[in-house]
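The following pair of complexes shares a single chain, subunit A, combined with subunit B in the former and subunit C in the latter.
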Partner chain A sequence: MKILVCIKQVPDMESRFRPNGDKTWYDESDLAFRMNEYDEYAVEQAVQLKEQLGGEPEITVLSIGPERTVEAIKKALAMGGDRAVHIRDDRYYQKDPWQIASMIASYAKGEGFDLIFTGMQSQDRGSAQVGVIVAELLGIACATTLVGFSYDGGTITAKRELEGGIKGVAKLKLPALVTCQLGLNTPRYPTLPNIMKAKKKEIASLTPAELSGEAELTATAAIYPPAKKGGGLVLEGEIGIQVDRLMGILKEKTAVLR
Partner chain B sequence: MFLELTEEQKLIQETARNFARSVLEPLAPKLDREGDHPAFLANLKKLAELGFMGLNVQGEYGGSEAGVVAFSVAMTEIARACASTAVTVSVNNMVCEVIQAIGSQEQKEKYIPRICSGAYAAGSFALTETGAGSDPAGMTTTAVLDGDSWVLNGSKIFITSAPYAGVFVVWAVTDKEAPKGKGISCFLVEQGTPGLVIGKQEEKTGQHASATNELVFDNCRIPKDALMGKLNDGFRIAVAELGGGRIGIGSLALGIGLAAMDYATRYSTERVQFGQKISSFQATQWKIADSYTELEAARLLLMNAAFRKESGRPFAKEASMAKLFATEAANRACYNAVQMLGGYGYTADFPVERYARDVRITSIYEGTSEIQRVIIAREILKNIG
Partner chain C sequence: MKALLIGEYRQGKLLDTTYELKAFADRLGADSVMLLVGSDADLPKYEGRLYLADAGKYGEYNPDLHKQLVLQAVEKENPDCIVFVHSSYGWDLAPRVAVALKAGQVSEIVALNDGAYEVNACNAKLRRTVTPKGGLAPSGACPLAVLTIQAGAFSPSGEPQGAPQLERLELSGTASAIEFVGYEAAEQKGVDLSKAEIIVSAGRGVGKKDNVPVIAALASALGGELGASRPVVDAGWVDHSHQVGTTGQTVSPKLYVACGISGAIQHLAGMKKADFIVAINKDKDAPIGEIADVLVVADVMQFVPAFTAKCAR
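Moving on, here comes the complex of A and B:
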C-alpha cells in the first residue's frame, strides 16, 4: 500500500499576526512555525495504519512551502513517515486552494497512492478545500472531517463529524482521500532518536513549475485584523437606576427578557 | 555566525515544550506541595521513552545522539514546567555521559541503556560529603581492595535521586598517601548492594519531588570490576564531567527564570492599581526589561558553552560562566517576579513562589557561584604569564 500525507507548516497560533507589506498575507518575519494541527492527526493516522498492517505501507509526506517547511517535514518523518517530497515554493501564500491542490494532484497522479491523508483545514488560511479538490482531480473517493478511522481489507470506515454535533459513518473503497479533524487521535510525540534518524530519510525536492501551471481561481484582495471593538457600555449611578437601564437595554436589544 | 537552532534541535525543543506543558506542568504544583511519587516516576519513564535521558549519548547504548545544544534547550523547556523533573533528567544525562566517557565496554552496555530506557528511574552522582562540598578532593569515603572486591566505607550527602536510582557513580579515596585529589577513584555501585544504606531524605526549600538523600557505605562490598576508569584518576574525571552538568543546571535555571517572568509579565498586564495596569508603571517595566535581558544573555552563554562542548573544544570556563550567570540571573528574575505579584507572589495560590523556592538551589548545587568564579578566574589566569 502506498500512502500520501499532505502537511502544511503554519505559524504557532500563539503568535501575534500582522498583515504583510502588500496586505495579502501575514508578516512571517518574526513568527515561529510548526506543523498544522490537523495535519498532525493525518500523520498519526497514517502511521497507525502502517503499524496495523505490520509496517508494509510506505508513507510519503508532502509539503509545499519555503525552506523552513523542512522542519515540519522532518517532524512528520520522525513520527513515522518513510520519505518526503518538498515542493519548494516561496510564493505558496499567493496560491489559492485550486493551485495548491493542482500541484499535489499533479505529483500524486503518477505515483499511484492508495490512500491520501490531509488535515481538515490549515490553521492559517482555513479554506478546507485542498483535500477535496485533490480527490476530485484524481477521481478518487473522499470523506472529510474524520473523527474516527478504521481499515479492513481495502475498505475504510470513516466516522465523520457533521454539523450540530451529529456524526455520520461513510465507507470508502481504496483509492481514497480522507481529511482529518480534531478528536481523530492523539498525535504521538516524535522520540528524540527518531528525530535524529529522520535526518537520513529522503526528502525529494520539486519546484512548482515542474508540477502545474494552473492559474488562480480566487485572488486574495486583502488581509486585515478585525476592527477593534468599542470599550463596551459602563452603567453608572444608583444601583436602582443601573438596573432599570440594564432592563431597558436587554428588552430593546436582546431576546432574553421576551 | 549563525545563531539559529538546527531543525532537529527545534523539533526536540518543541517536543520537550509540548510534553512539559501538557504532562509536567499540570502535576508540578501537586508534586511540590503533597508529592505524588508514583506520578513523578511515571513521568520520568515517559521522558526516558522519548529519549530525554541520554541526549548526548550514542545510539548503541540507547542514547539519542542529539548533542549538547539539544540537551540545553530540552532542559530549559522541562524546567519551565517542573524543576524537580528537570534536575532528575539533568543528573541522569550526566551519569550516562560519565559512564560513556570512562566506563569499560561492559559497564557502558550494562548501565547506560537501563538509564536511557527508563528501566532505572535514575542514576545518581555521589561526590559530595559533609566535609567535602566545594572542596570535593577533601572527601574521606574510602575504597579498599580486598581480594576480588572493593570495600567502601564512609558517607555521602545531598545525593539526587538516591532512593530510586538504579546505579550510583561513587567517588572514594583509594590512595590515602597520594597528594590531594590524586588518590581518588570512581566506582559503579548498584542499588540494593549490601552495605549501601539510603539515609535521611533532606527537607529542602524547593524542588521537593526530587529526593536528596544521605548515602552511607557500611563495609559495602562491590566487585573488583566495579572500578570505573583508571585507578586514582577519579577526581580529574569528576571535575571534567561536572562541566557538562553545569550546562544542564544553567539551562534548568533559565527555564525557571523564564517561567517566573512569563507569568509575572502576563500578570502585570491584568493587575490594576491606581486605575491602571501595573505594566504601565516604569517600575514594572524595568523589572521586565532587566530580567528578560539577563535571561537572554544567559541563554546565549549556555548555547555557546553547549556548542563548544558539542564541537569537542574546551568548555570548562564557558560552562562555568554560563552556570554562574544563568543561575544568578534566574534568581533575580524570580525575585522580580514575586515583587511584581506583590503579596500574591508570596502565596501558594500563584506559581511564582514555587519558582522562587525552586530556583534558589541552582546557584549552589553543581558548584556554587563562588566556585564557578574560582574556575573562571583560574582558566583565565592560567593563560597569562
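Moving on, here comes the complex of A and C:
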C-alpha cells in the first residue's frame, strides 16, 4: 500500500499578525512556524494504519513552501513517515487552493497512491478545499472532516463530524482521500531515536515548474485586521484591581450576582 | 446576477441554515433559484424555483450524486454563482462542484465589503477580500464562482415566506464511490447548559487538566455551570457534555465567563447570544475580545482564583 500525507507549515495561531508590504498576505517575520494542527492528525492516522498493517505501507509526506517547510517535513518523518517530497515554492502564499491542489495532484498522478491523508483545512487560510480538489482531480473517493477512521480489506469506514454533535458514517473503497479533523486521534511526540532516524530519510526536492502550470481561480485582493467593533471594556493591570473592577461591573450590569 | 442556492437536509428535516443562503443572495442583490436534495414532506418556504431531488433515492450524504444533481441544475440555470453554507455538507460538496466547472471557490464568506467577498484568516485575526477570477459565468457578467458562507453570518431579516415552484431532478444511475451507513447520535447530555443562567467555561488557556477544578470552583461560587471549549474536551480534560459551540451545545445564559478561550468561530457560534460576556485571556488580541463585554487581560490561573475568593466572600 502506498500512502501520501499532505502537510502544510503554518504560523503559531497565538501570534500577532499584520499584513505584509503589498497587503496580499501576512508578514512572516517574527512568526514561529509549526505543522498545521489538522495535518498532525493526518500524519498520525497514516502512521497508525502502517502499524496496523504490520509496517507494510510506505508513507510519503508532501509539503509545499519555502526552505523553512523542511522543519515540518522532518517532524512528520520523525512521527513515522518513510520519505518526503518538498515542493520548494517561495511564492506559495500567492497560490490559491486550486493551484496548490493542482500541484499535488500532478505529483500524485504518476505515483499510484492508494490512500491520501490531508488536514481538513489549514489554520491560516482555512479554505477547506485542497484535499477535496486533489481527490476530484485524481478521480478518487473522498470524505472530509474525519473524527473516526478504520480500515479493513480495502475499505475505509469514515466517521465524519457533523454539526450539533452528530456524526455521519460512510464507507469508501480505495483508492481514496480523507481529510482529518480535531478529535480523530492524539498525535504522537517524535522520540529522540526517531528524530535521529528521520535525519537519514530521503527528502526529494521539486520545483513548481516541474508540476502544474495552472492559473489561479481566486486571488486575495487585500488582507487587513478586522474592524474593531469596540464596545468591550478592556481591563489591564494589577490582578487585585482587575478583580475589584470586574466585581463592580458585574454587580452593576448583570442581575446574576447577589 | 443569478445565484444557485444549495439547501441542506439532514435526518429527514430541512436545515434552517438553508434560509441564510437566501439572505446572502438578497445582500448580493442577486436573483436566486434553489436546489435541495430533500423531500416533499419538508420543503423550504421560498419564493422561486426549487430543484428538488429525492433524498430517499440520492441519499442525504452522497457527494458524488449530489454533485451531479447540482451540475444538472447549473446546466439548466446558468447561474453566476453557486452558494453553499460552509458546513460539513457544504465544505465537502462545494469543491467537487468547483472542480467540475473549473470555477474558483471562495470559502466561508463572513461579510460583503463593497460587493467583494470577505473571509477570515489566521483564526479571525485577519480578514481577506477574495476575488474570483477564472472563466466567465454564462451571463458574462462576472467570473463563475462557487461560494460558501459562514453559518450565522447572513441572517434572514424576517420569517421566510412563499411556496416554491417545484422542478424535479433525476439521475440516470446511482453508482457512487461512497456508501453512507448512518448517523451516530450526539452523546447523552449529562448537563443541559441551554437553561443555565451562568456558565463559566474553560479553554485551552487553562493549561492542563489539573487546572480545570479552579475554573469549576468559580462556576460553583457564582452558582453556575461549567462549560468548555472543544480543545479542552478533545484533550479529555472535561466531559463532552459540557462542550459549548457548533459541535456541542448552544447556550444563552445571562452571564458567560470564558476562561482562556481564544474564541474560535465554532465556539463563538455557541455562546454569542449570552447577555453579558466576560473573557479572561492573556492575549489582548484574542478574537473573543471582539464579542466580550469585558476582556480581562490576565493569566487565567492567577486571575480566576483571586476572583473566586472575592465571590465567595
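Here, the second predicted complex is superposed on the first by the 230 of 258 C-alpha atoms of A that agree within 3 Å, B and C clash if a C-alpha of one lies under 4 Å from a C-alpha of the other, contacts with A are read in each partner's own complex, and residues count from 1 in each chain.
Just so it is clear, a residue touches a chain if its C-beta (ideal position, glycine included) is under 8 Å from a C-beta of that chain, and two chains touch if they have at least 3 such contacts.
None of these values were measured; they are calculated from a predicted model.
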Touched subunit A residues, subunit B compared with subunit C: C
First (subunit B), second (subunit C), both or neither touched by A:Lys199: first
Contacts of A:Lys50 with subunit B and subunit C, given as first, second, both or neither: neither
Which superposed partner A:Val70 touches (first subunit B, second subunit C, both, neither): first
Contacts of A:Ala219 with subunit B and subunit C, given as first, second, both or neither: second
Which superposed partner A:Glu161 touches (first subunit B, second subunit C, both, neither): second
Partner chain(s) touched by A:Ile140 [first = subunit B, second = subunit C, both, neither]: second
Partner chain(s) touched by A:Leu246 [first = subunit B, second = subunit C, both, neither]: second
Which of subunit B and subunit C A:Lys8 touches, first, second, both or neither: neither
Shared subunit A contacts, counted only where both subunit B and subunit C touch the same residue: none
Residues of subunit B that touch subunit A when the two form their complex: 7-8, 10-12, 14-15, 18-19, 49-52, 55, 59, 63-66, 70
Interface residues, subunit A side, partner subunit C - complex: 11, 13-17, 19, 26, 96-98, 121, 123-129, 132-133, 136-137, 140-145, 157, 159-173, 176, 182-183, 215-226, 228-229, 231-236, 239-240, 242-244, 246-247, 249-250, 253-257
Contacting residues of subunit A [partner subunit B, same complex]: 34, 70-71, 74-75, 78, 189-196, 198-199
List of subunit C residues in touch with subunit A within their complex: 10-11, 61, 63, 86-88, 91-92, 94-96, 98-100, 102-108, 116, 119-134, 143, 145, 151, 177-187, 197-198, 222-223, 230-231, 234, 240, 243, 246-248, 254-255, 262, 275-276, 278, 283-285, 289-298, 302-303, 306-307, 310-311
